[in-house]
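Let me begin by presenting the structure, written as structure tokens, before commenting on it.
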Amino acid sequence: MRRVAVAGASGYAGGELLRLLLGHPEVEIGALTGASNAGQRLGTLQPHLLPLAERVLEETTIEVLSGHDVVFLALPHGQSGAIAEALPEGTVVIDCGADFRLVDAGEWERFYGSPHAGTWPYGLPELPGNRERLMGATKIAVPGCYPTVSSLTLAPAVAAGLVDNDVVVVAASGTSGAGKAAKAHLLGSETAGNVSAYGVGGVHRHTPEITQNLSALTEGTVTVSFTPLLVPMPRGILATCTAKLRPGVTAEQVREVYEKAYATEQFVHLLPEGTWPQTKAVTGSNAVHLQVTVDEAAGRLVAVGAVDNLTKGTAGAAVQCMNLALGLDEAQGLSTIGLAP
Amino acid sequence: MRRVAVAGASGYAGGELLRLLLGHPEVEIGALTGASNAGQRLGTLQPHLLPLAERVLEETTIEVLSGHDVVFLALPHGQSGAIAEALPEGTVVIDCGADFRLVDAGEWERFYGSPHAGTWPYGLPELPGNRERLMGATKIAVPGCYPTVSSLTLAPAVAAGLVDNDVVVVAASGTSGAGKAAKAHLLGSETAGNVSAYGVGGVHRHTPEITQNLSALTEGTVTVSFTPLLVPMPRGILATCTAKLRPGVTAEQVREVYEKAYATEQFVHLLPEGTWPQTKAVTGSNAVHLQVTVDEAAGRLVAVGAVDNLTKGTAGAAVQCMNLALGLDEAQGLSTIGLAP
Amino acid sequence: MRRVAVAGASGYAGGELLRLLLGHPEVEIGALTGASNAGQRLGTLQPHLLPLAERVLEETTIEVLSGHDVVFLALPHGQSGAIAEALPEGTVVIDCGADFRLVDAGEWERFYGSPHAGTWPYGLPELPGNRERLMGATKIAVPGCYPTVSSLTLAPAVAAGLVDNDVVVVAASGTSGAGKAAKAHLLGSETAGNVSAYGVGGVHRHTPEITQNLSALTEGTVTVSFTPLLVPMPRGILATCTAKLRPGVTAEQVREVYEKAYATEQFVHLLPEGTWPQTKAVTGSNAVHLQVTVDEAAGRLVAVGAVDNLTKGTAGAAVQCMNLALGLDEAQGLSTIGLAP
Amino acid sequence: MRRVAVAGASGYAGGELLRLLLGHPEVEIGALTGASNAGQRLGTLQPHLLPLAERVLEETTIEVLSGHDVVFLALPHGQSGAIAEALPEGTVVIDCGADFRLVDAGEWERFYGSPHAGTWPYGLPELPGNRERLMGATKIAVPGCYPTVSSLTLAPAVAAGLVDNDVVVVAASGTSGAGKAAKAHLLGSETAGNVSAYGVGGVHRHTPEITQNLSALTEGTVTVSFTPLLVPMPRGILATCTAKLRPGVTAEQVREVYEKAYATEQFVHLLPEGTWPQTKAVTGSNAVHLQVTVDEAAGRLVAVGAVDNLTKGTAGAAVQCMNLALGLDEAQGLSTIGLAP
């Protein structure tokens, strides 16, 4: 049994981590920490986690987090680096925040407005080269939710050169992606019956992360037009991705490329032709559902992917990374079964 | 490993059964049957059940259902009896339908308008006397979703004589309780932003079932005023239950009675004082969350219970009953962890 | 044209007032004030009120509010009294807050924990005696949303002595009733897919108001067991109300009493037999939809009423009261048409 | 007063037409017809339209529809032509269906699979040239909901040559766009918490309509990649539209073009810079809310538009067209005020 701690256990990412870790056969849940919520019962903060109801959140300190095999960080941006450095050597630190995702310090500073903390192995094992870097790693940066689904939805086409490198992503997300901090525009009275766009025009912080992922797959420069939408549901992201097809590319080729790309990936599921992803089918699941087609009149590939932003989009990916880091079965404690309806 | 079949695998109860059975360590999933959906891939009908996506529904026949240790029936009312009789002796038959829930043939006929099929052991092990009858049983009637939560919420008070026997239950349910058949008033466009009452005035078919459960706990006659509400969410029931307190009963006594009643029940959770149940905390969980208080000005006990209508309210109860019937650990394959947010 | 001001124009009650006032033919919209939002464009705060988008909120001061024929107060409890006193004599002040609703100072103090400010004419003209008091009034207390629907749903039965005086009300409300202040438990991620009870056991502040309204209709003491539910929708309340029928009362008598009670009320609509209210049919409408039945087995009357908590439940009532105060047609600027689906 | 009839009064478009017509000062509502619903009370079918509750739907026959100044057709595709021809000359016929929207018979046949019925003046007065054709017209084709918002969101950029002609539209729609016919995948249990894409790859029938509208504004050929999404809300469309900017085009130019394009349009509202449209702000309103920006890194214009699919997207447009046809004020009976929250 590996002893794991979760820093930031009162938020949505922390709650989902605990939900998954409770079902993980190789894990024992150690310290749970919070910031303003330290001292409160978890039963009050996360009433769905009944087996942990009587656990009390501690302060997020090195002392509390030390003595664990794995420490998950689900903290606001900017806090992970110092904690990771101070923890005992050999501790596996898995950061659900953005601090260590970007390679390019300039991009980091442009989008986050603070000095670049560095770059850790990127926790999306389904992209070429990543899995190897994650096996045995002790520092891991869990990808953003939008980059996870957008990158996986487009990667095969970009890597195979089926499309030009000017891609458009419009991704509709449930509200939990915006976190649990109380904000008036996220009240249920506001989000119900409402769809809105935000971070439009390339200013959303996940833009450089998608660009980085896709650029690693091709020689040319990839440009990404990324528009996130807020839709009235708690969980899930549906990403609609399109790019111009290179001349002569056929629908059969496209399908073949996608089939081959994910043939051995247990969490990426290309749906049968004619069936399109829906977020509900992946609620609470670590699976990504994909479909792709060719719009001949527009000369475009259109690919659509669905994930649960909290599971494969955050906490599920974190557990998958932990499994790789510890040399466990990559799918341990994870499921491809959603909760519906 | 026990081999189990699910008749009615394309509906909501069937889908939830499969979701739970996929995680049950002692079970191998055998035949899956449907009516009009026979011949279709399960991946089309239940896209969230990825591991079963390539399974094809068969016709609901005795031949198909034979050769299993357990057969779950999630069929329209009136079909279970003939199937149960024709299956090989010793097959454990667990009926998610209403046919065998009521003891009183007259009540059955009044509410269902057809001849009474009989009475099977009633699958609510948390009510006095039931667990014993379910252990080793080969025919089990899974309770209705409203009766499950209403009965568990009121049982301690009625059994202990804390209240008079004139109880009022108003229970708000998600739409999945109404099933997957296409009906205009259940369209998302209709249910969104909408709360309505239905079956008002004692005409809902779950009324006699609640009455039967509570009457078994006391000498006197129990009358139940039951009003179900349809609320805009897919899953969950919140039952608000009230009855006049007997003279002199105190809040402390009430709490003590509830604590004692469920002290050893792993799926019934009395929340800490001051915390009230919410359906989201039990989504996908087999737990029932309860709270109770005394309204001194009105002289009433008010108890509130939450369940997931598809899990503890149907499919979870069915799995719990299977475990009891087969002599397995009662909680095998079940969880008290919900999926939130 | 009457010049009207709205204090608290950035909240939900204020927004709904403005929506209605924009369509009122006898009204010119004057000052709009806010607290922390003073200085902001209304277009930012209430983007649905396009004709007022360029209006800027002012501070809530006597100076700003003076010089209007009517001043609507949509303020936190405790602020209305001082403002009303300081406004020029003759100004019609219509308070959407609770300060002046209760007659009994003791009840006020028990539920609100502050000194009683007084009692103003109660803005529910459909209850006996109220309309007369509202005609020409210069100070009006708009009822609470729950009391409006609960009182109207039960009043005919209580007034006619059809039921005993021990009534039970379970009322499911959309989230806008909880206001626009940012609170974590009201985030869309929390409210979606969730029903919960709150203020259980007679502690909700609308309890004494319902009791007061019903007690005025009968000789005996009325006790009210009131349980509010929060349901995942922005607007609307459905109140399920029940009480023991007096011996010998028939369904026909009940229907007759209800028909007669509201025969001349243009905003209270008794639905045809067999049809039950739904909140969506009254969204944005000033109508109350009612239905009533007799549960013979339980010996109870069950009545269900639906309102829009922001329209007839608050702002619509306020406009209706203004019309009465000013001697206008009571229905001016109000509608019985809902917005659906 | 003009006497108007509505054929198809039981559906969502019909209901919204009646909601608007009830508030139109120059209109008297005549015959209301239905298909399978003929003979039913409107109160049962459209309970939100209280003033018409006692009206009974008639059969959709020429006899019933004759004798009106205006006949609105909200019928399944393929039925409008025959009715329009048989109605008395001079009757203004306003078709909410698709039959007469497309100019190109080949496109019609490719997308609808039936012979082309013809082309009527296209009811989107805000596009160049259309208003003049609608004034005094007696046959009008109301645009599709997606084409309305997509065309208005992109038109200024395309007409001014700011972008290349390869446009991408991803439009998220509420479920009422799919109509009121009972279909399992549109049940509330399915749509809640769910976002899905459909008609992907250029196969949705609104694709050629968007292409037609935009192509009319420019010399070159416009290609449209259109992906509709179904989101969990009853009403509203948010369209995210993007195209490559022509070299040298600046953000200032873009804004200027949009401001100028709609400066005199009362129903098209360009939001202040930095504010993005949300569907809730236009619920029940005839307004279109727009915003546009330049993504310099991606070299793209991104424009977002919001409409209520049933109001400006269908019934509001129909009323606007009626006003133009009859020589009334174009905004009569219409509003730019939404219902929120």
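All chains are identified by letter, namely A, B, C and D, in their written order; residue positions are counted from 1 within each chain.
The working rule: contacts are C-beta pairs under 8 Å (C-beta built on N, C-alpha and C of every residue); 3 or more make two chains touch, one makes a residue touch a chain.
From a predicted model like this one, the values you see are computed outputs, not experimental measurements.
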For subunit B and subunit D, what is the smallest step count along a path of chains that touch one another? 1
Centroid-based (C-alpha) most distant chain relative to subunit A: C
Between subunit B and subunit C, what's the gap in Å when you average each chain's C-alpha atoms? 37
Distance from the mean Cα position of subunit C to that of subunit A, given in whole angstrom: 45
Among the residues of subunit D, pick out those that touch two or more other chains and give their numbers. 12, 174, 176, 180, 187, 189-190, 192-193, 232-235, 278, 280, 283, 341
Tell me, which parts of subunit C touch subunit A in their complex? 12, 174-176, 178, 180-184, 186-193, 232-234
Would you mind writing out the residues of subunit A in touch with subunit D in their complex? 166, 168, 170, 172, 174, 189-190, 192-198, 200-202, 207, 223-225, 227, 229, 231-236, 238, 240, 242, 244, 276-280, 283, 291, 293-300, 302, 304, 306, 341
Would you tell me which residues of subunit A are touching subunit B in their complex? 12, 15, 19, 22-23, 41, 43-44, 46-51, 53, 176, 180, 192-193, 234-235, 269, 271-272, 275, 278, 280-285, 287, 289, 335-341
